[in-house]
């Protein structure tokens, strides 16, 4: 009973604290100055049609670097907690074979979903989408084939190689920006090109592809270590 | 029109939040938590943020539910009843 | 106070209530993910401007007139990265829950009383 | 052309409504799944085709064809996997059903192995 009362007290305090913040949110009619600058100068400066992409990759590129680092640390934590004990057998219980319809459908669909993921992160500067979404789509394609072929194993060497190579290349491109352009993770190390084409917007497609590969391989790592059960 | 859709979606979302907390079966609460994310992605689309809608639809309702189900599969009842 | 921000606020409160009252660890993690969704809705609702379109400049939306026609891109960018981090953190918490279960064969938070005073 | 597309879209939405009604009305899991899959697949196909015909000037017919292809691939496969999983964990059939072909098939396979 005392516990219930304390919980209610905590909630009431929380509501009193949060309510002024929420009631301050008024329906706006105009952009605030920072967003106005990004929207006005962004397309000419960076050449990217999707303004969210230009904010993520270049204007706030350092935040994205930190975010990728957090993702890497969380993946490493999952892999460390679920590491395979020495001497334990791999997959002792026998899993039920999936049906023929499912296997054929998976073999048809997995390459298509893979292609869709690559399309999403290559066109991140033109259409909605980008590295994070493309990586998630690739991870779900691999999840589909993991679910319908439960006996198969993922090659960890290739996964680690893709993940670390894309991370290193991302940093190298970021540092190249300091020497060849205005600052860290600046995309103008390559020519900006025609506005609205696939090969435009400088290094944004390259950076977003690297982020997509890194996010995709990290999420596959999380799903794979959760699927292997050694208990 | 948009306000009406958002009100209906919001009511369903809050109802499924209560379902996710108070369902007896753990599996049902995992599914209800996935429903919240799926409806949130529709709201993002109505709020003119298609990038966020794509991410939420793929991650919130897809991969998060799968991760929850893998964990549920590892802890579910071995002998005793752990569904509560 | 806009409509979507009210929904986000209620989801945060409901998730916190669930986290504080439930005993099952996985239920607590579900409450955490509800709070996550509520905060994302709250942030996105800050950037929305009524009657304007998504910040993507295509053939319909001209470069010169974009300032008067698009919504704020910054909250979208923030939430986009926050969602991906949320998945990784949820997975990490679930792995810890599985580890605790393997120690004591129980998911009840009241069974873990080593630090209780 | 717009009127023709509108009619096709309307027929598609009627199929979707009937599918939703079938989910409420049918006696057991498998019947509900069949109503939910068959009616909604046809309904979504008609709906998308109606949009493609009604807005023929927007040049989105190829995208809609790709969408239709994906729905034809994924919808029956996912429903099949769901039904097989439901059968595997032992959800009973309704009393009025006559045969259970999957159970017969699996028992035959086990006999062949042993």
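Points worth noting:
We call the chains A, B, C and D, going by the order they appear; numbering starts again at 1 in every chain.
The rule is short, and it goes like this: a residue touches a chain if its C-beta (ideal position, glycine included) is under 8 Å from a C-beta of that chain, and two chains touch if they have at least 3 such contacts.
Just so it is clear, the model here is predicted, and its values are computed rather than measured.
By number of C-beta pairs in contact, B-C leads when B-C and A-D are compared. Using the mean of the Cα atoms as each chain's centre, the chain most removed from subunit A is D. If each chain is reduced to the centroid of its CA atoms, subunit B and subunit C end up 11 Å from each other. Separating the centre of subunit C from that of subunit D, both taken as means of CA atoms, is a distance of 33 Å. Put simply, the C-alpha centre of subunit A and that of subunit B have 20 angstrom between them. Within subunit A, residues 50, 52, 128, 130, 132, 136, 219, 222, 226, 231 each touch two or more of the remaining chains.
Looking at subunit B, one finds that residues 50-51, 55, 59, 63, 67, 70-71, 74 touch two or more other chains. By the contact rule set out at the top, the touching chain pairs are A-B, A-C, A-D, B-C. Residues 70, 73-74, 77, 80-81, 84, 88 of subunit D are the ones that touch subunit A when the two sit in their complex.
Of all the residues in subunit B, the ones that touch subunit A in their complex are 50-51, 53-55, 58-59, 62-63, 66-67, 70-71, 73-74. Subunit A contributes residues 96, 98-99, 101-102, 105, 108-109, 112 to its touches with subunit D in the complex.
Of all residues in subunit A, only 50, 52, 128-130, 132-133, 136-137, 139-140, 143, 219, 222-223, 226-227, 229, 231 touch subunit B in the complex they form. The part of subunit C that touches subunit B in the complex is made up of residues 3-4, 6-7, 10-11, 14-15, 17-18, 21-22, 24, 26-27, 29-31, 33-34, 37, 40-41, 44-45, 47-48, 52-54, 56, 71, 75-76, 79-80, 83-84, 86-87, 90-91, 94-95, 97-98, 101, 105, 107.
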